[in-house]
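These are the structures, in structure tokens.
Each of the next two complexes has subunit A plus one more chain, namely subunit B in the first and subunit C in the second.
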Partner chain A sequence: MPISILPPQPAQSRLPPDPDSDHDDEKVTLNEDGDFVRMASSQKRPKAISIVTPGEIVTSDPQWMRGHGTYLLQSKDSTTDGSGSDAEMEDGADTAAVGGSGGGSIVATVAGTVQKVNKLLSVKPLRARYAPEIGDLVVGRIMEVQSKRWKVDINSTLTAHLLLSSINLPGGILRKRTSTDELQIRSFFSEGDLLVAEVQGLFQDGAASLHTRSLKYGKLRNGYFLKVKAGGIVRGKSHIITLEAANGAGEVDVILGVNGYVWVSKKVTLQAPPGGESITRLEEEASEAIYSNVNEDIAPATRREIARIGNCVRAMVSWNVRVDEEVLNAVYLSALELEEMGIDGEGSIGSGVEYLEGEVGRIVVLAGMDRVSSANLRAGGMVE
Partner chain B sequence: MSRYEILSPEGLRTDGRRWNEMRRFSPKMATTTAADGSSYIEHGNTKVICSVNGPIEPRASSARNSERATITVDVCFAAFSGTDRKKRGKGDKRVLEMQSALSRTFASTLLTILHPRSEVHISLHILSQDGSILATCVNAATLALVDAGVPMTDYVTACTVASYTNPDESDEPLLDMNSAEEMDLPGITLATVGRNDKISLLQLETKVRLERLEGMMAVGIDGCAKIRQLLDRAVRDHGNEMARMGAL
Partner chain C sequence: MAPLQTSQQTGTPLSPAELSYLHTSLTLTPPIRPDSRTPTQFRPLFAESDILPSTNGSARMIWGDGGECIVGVKAEVEKNSISSGGPRDWIETNVEVSGQRDDDAFLGMTVAESLLVPGSGVLERLVLGERFHWKIFVDILLLTPPLSHPATLLTLTTYLALRNTFLPKLVSEAAEDPVFDDDWGNGLPLYPVDRIPPPITLLVVNVGENIFFDPTREELAVGDVVLAVSICEKKVVGVRTLEGGSGGVKREAVKRVIKESCEVAEEVFSSLNGVGEGD
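This part shows the complex of A and B:
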């Protein structure tokens, strides 16, 4: 027998069958791309998803333009395409306009699902590294400090750049950037620092240029970094979520980087100094603290809840649930409930219930989904 | 001649196969989550693990090319993989040759132009050797690259063919050599791209009569097409499994 490398099989579900589970069918919304918005149980998923593999001809119909994940194979000189093939291997997005006219076939270059947007045909790979897009919120780590820029690891094919001119300098927004700032560039970010930023632009080769010119962005502290798979966090309305943590832990911020990097931290409130009420004053005060490397005092209860929320995010991603504020909150409440009653309903579990891998994670995520759907029903039968 | 017969009068080889039969081929995809793409292939008793990282920022500046992605390959023979325990160092000539053959093969098939200034790193670990090692490495790397989502024109698949001389001086190609056959017979390693018989790698380490080469290549191309089917099925199974789990 060949050696089999298999993921651990989930044990039999310990949740009783939900009598209301019929509602799930309505909750599962599959948008056109085959991206699903709410978790579906495996049996209910339609069989419509079809996989294409590299070298497979997707279509020979000349009406389609080729997008990402495809290339155009000239049907006439298919035996001698070695020499001329480089010219047509440019990326789909920019040469797509000429794609349809050649009379060749569109061939997949990655294994994945076919997506059709108007007349643009692209193949979304099963798994790939994060590809930055303008406006994405990302969490990154400084890899390298150069004279006027930082190189930031954002889990992408190339490291991103963060220019000294695209950060907020301490001492107010209107301050001029001087050569002193260049000399003490490490006082803002040094190697290994974590930061949250937005993708400001893309270079020719696909590398991202970041900026942190907002009070929302900047250096990260007081928290916990975790990495999930790059497709696990879907672009959504808001990527910075504030949860009210239980057990007197206060508020916890969750920053969901589109690149799969997640930061869970204690919420830091910027206290307005006595007397200074103006916004600019607040900004100045904030910017003083922006580049601090010192964590605040975090109570053990807060640390526990930070860990639990981090594990909730991890469990949701590993069970393919879209992470957003509503669902994360529900899953977190379910995780708390699970701790109260214990995994087997005995309440006898001491430590380690923040750990949500495997079957426990699935139970918690499912319970959270139920919570969301029942809340939606109560809100008047509205779906989503 | 050797002590045992490579091909018996009944037309059976030492392990009971006929001339056109391949050993059991079992590919596995996405075997580890630590790498961007990974695979594990057993071809008879030859076992190879492959993991692919990339496209990533090049680790060495020499691997940076402003036009296209660079493909770097690491081949590592486990000390216990062969019949006698021996450690092959990084500088071993045979290992270096395999690495360069693999990186050149994939450089011609991957769409490296889509990811300039980056590096695709392929790491191969040979756990057990029983012939056709380079071919199995090519197949494992292809599967891992598909898993990593690196764009390629088509699958690259490889197999080996030996040329056997009958007692009456006629010749017979033998598909998919094991290590005993590799030791005694001249043979080629052949890799093709996709279904259209495009050969991207042809390696001949021994002497073989020129008129035999064409027949060997024809058998090898058929073998590669068969392996392409098997790899394609593995990819589809994996994709359908992901779809079933709701990951798509």
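This part shows the complex of A and C:
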């Protein structure tokens, strides 16, 4: 089937299929005006998530503290020229807590869903750029080369900086950077190059400063870059995953940048270090070769699996499933299974079933989730 | 969605390692596209027609990568005048890409030129008696530019909108001032089913021996040559190269592009014609 043109679906159908999405706490409900309605726990809320828009009053109840994505509207006249429902509330309940306690109302500054943690009320944006935090593993692309630093696109509001002094210079670890290095800065990274790095620090304005002073970090080769939305990859235990690919493809590395940039590549085994100690190895590795732009030989089977794994990541993010090692593995296995079935079966989906956009992706992701939960059940049973 | 596309807008190139990986994958036999599609497979599209009540015909199309396009077709009665460029001016196309300067004429040209296929018979249907004619305004709004080249998205949406365009029925005589039937139900389609439909433009990229339909941005970057193939009914009516190609192309490759385009276009037409029938 070379082309499929579908009718558009309502946004609800994109809701996460995962069971651990728990932002429908029943106690708190908002009516259409965005006002806080206390007794509404009896009134059944539809399954659709309610969204607040910038400028919308989330609540005027003073008991809530404002969190991210909101601000406090202090002025008193905001309640008088506000909507009619405020007035109704006031003559309904003579406590007049709305304007009385000097609290004002909490107004959303971003479009998103309301989240409540104890008494802290915040709005989680539907779509946001990546906000760097120290220690994050990110994948970035060099956008600009300056005299002593690179500017790196990490999907954030500001470009990140990578200083010449915070990369591993060729020729050993504790080498000082010299003016020669400055002159040949493009021999390390030039425009368009991809790299994996860690956020070392944040500047005053929120821009990140990166470093690649580890063997895990540095220039990316032997693989394929893909981009998912920034919130799609959540911070987890490990962001560098190695999958055992099927069909004799060997091992495939997946680097899940917290910024939503993902790198899927063939696993490159480092040669056994002659000294065996990490210092010597670092010296060995930090030669010119780490900044090479030449790929190794990658077998077609590996390329096919790299593409498939990339599709799995994309499908998982588009169906709001948390990407981590366990789930990615399960979804990948389901994708393989689906392809087998597609070839054995009627062949109606037949060719192109490896492409995991749309409905096929949903099936695969759901199957993967099933696989994870059944594996968890089994593991639980064994413990008992 | 727009902020996601920074690296595209600033034109940061792909890294050499990436380019080499993609190029090798795409030159293999069978080729491996980075998203595992088959060479002729398109990314899924979401489409609906008749979404704007104040137009004569409209359509909206969303690409999986976030590209979204809305087309509205409006018709106006205009007096024939000798001073203007004649029937060529009877269809006016306007492409607007949100967040971009509007003096980039190229995209509009692609669509507009391909709409005026000689002999398609559209212009004859625009004639209203002796002194008047319809003037068609095709307004194309690209809400979020897709990550790849938007020509396919634009022309497919335009096709859908034009196919759903109805003009009020003329009830007056040829010599009179035009008077129309009040009943919209009696409206005449601008492109009747049995006539030549509006053309579409498909993008084809050639890498080595292989050709690919609906290329993504990465595939465009490594392509030897990028061709925009305009197809009307079952015939290729135009082939043009787009900038971005990095090599030459063999004559056989162009031949194959044309042959396969016709086959693919047939399926594209049939699924486009199926839009709106399901609901």
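We adopt the following convention: the second predicted complex is superposed on the first by the 261 of 384 C-alpha atoms of A that agree within 3 Å, B and C clash if a C-alpha of one lies under 4 Å from a C-alpha of the other, contacts with A are read in each partner's own complex, and residues count from 1 in each chain.
Simple rule for what comes next: a contact is a pair of C-beta atoms (placed from the backbone, for glycine too) under 8 Å apart; a residue touches a chain by one contact, two chains touch by 3 or more.
In this text, all values refer to a predicted model and were calculated from it rather than measured experimentally.
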Message = Output check: A:373 vs subunit B and subunit C. Expected answer is one of first, second, both, neither. What do you get?
response = neither
Message = Is A:168 touching anything from subunit B or subunit C once the two structures are fitted on A? First, second, both or neither.
response = neither
Task = Considering only the touch criterion stated at the top, classify A:225 as touching first (subunit B), second (subunit C), both, or neither.
result = second
Message = Just to be sure I read the superposition right, which of the two partners does A:304 touch: subunit B = first, subunit C = second, or both, or neither?
response = second
Request  = Check whether A:329 is in contact with subunit B, with subunit C, with both or with neither, and answer first, second, both or neither.
outcome  = neither
Query = Counting only touches as set out at the top, which of subunit B and subunit C does A:205 meet: first, second, both, neither?
reply = first
Request  = Scan A:105 for contacts with subunit B and subunit C and give back first, second, both or neither.
outcome  = neither
Request  = Considering only the touch criterion stated at the top, classify A:126 as touching first (subunit B), second (subunit C), both, or neither.
outcome  = first
Task = Answer with first, second, both or neither: which of subunit B and subunit C does A:4 touch in the superposed model?
result = both
Request  = Would you tell me the residues on subunit A in contact with subunit B in one complex that are also in contact with subunit C in the other?
outcome  = 2-5, 127, 129, 153, 229
Remark   = Counting only contacts in the complex, subunit C reaches subunit A at residues 1, 3-4, 6-7, 10, 12-18, 20-22, 24-25, 28, 32-38, 40-48, 60, 62, 64, 213, 264, 267-268, 271-272, 274-276, 278-279
Ask   = Which bits of subunit A are touching subunit C when the two form their complex?
value = 1-9, 127, 129, 141-143, 153, 155, 191-194, 219-227, 229, 293-295, 298, 300, 303-304, 307-308, 310-311, 314, 351-352, 354-358
Footprint of subunit A on subunit B - complex, ascending = 24, 26, 28, 30-33, 36-37, 40, 42, 47, 54-57, 66, 111, 113-118, 146-155, 194-196, 198, 232, 235-236, 238-240, 242-248
Ask   = If you look only at subunit A, which of its residues touch subunit B in the complex?
value = 2-5, 34-36, 39-40, 42, 45, 49, 51, 53-55, 69, 71, 78-79, 82, 85-86, 89-91, 107, 109-113, 125-129, 153, 157-159, 205-207, 229, 231, 320
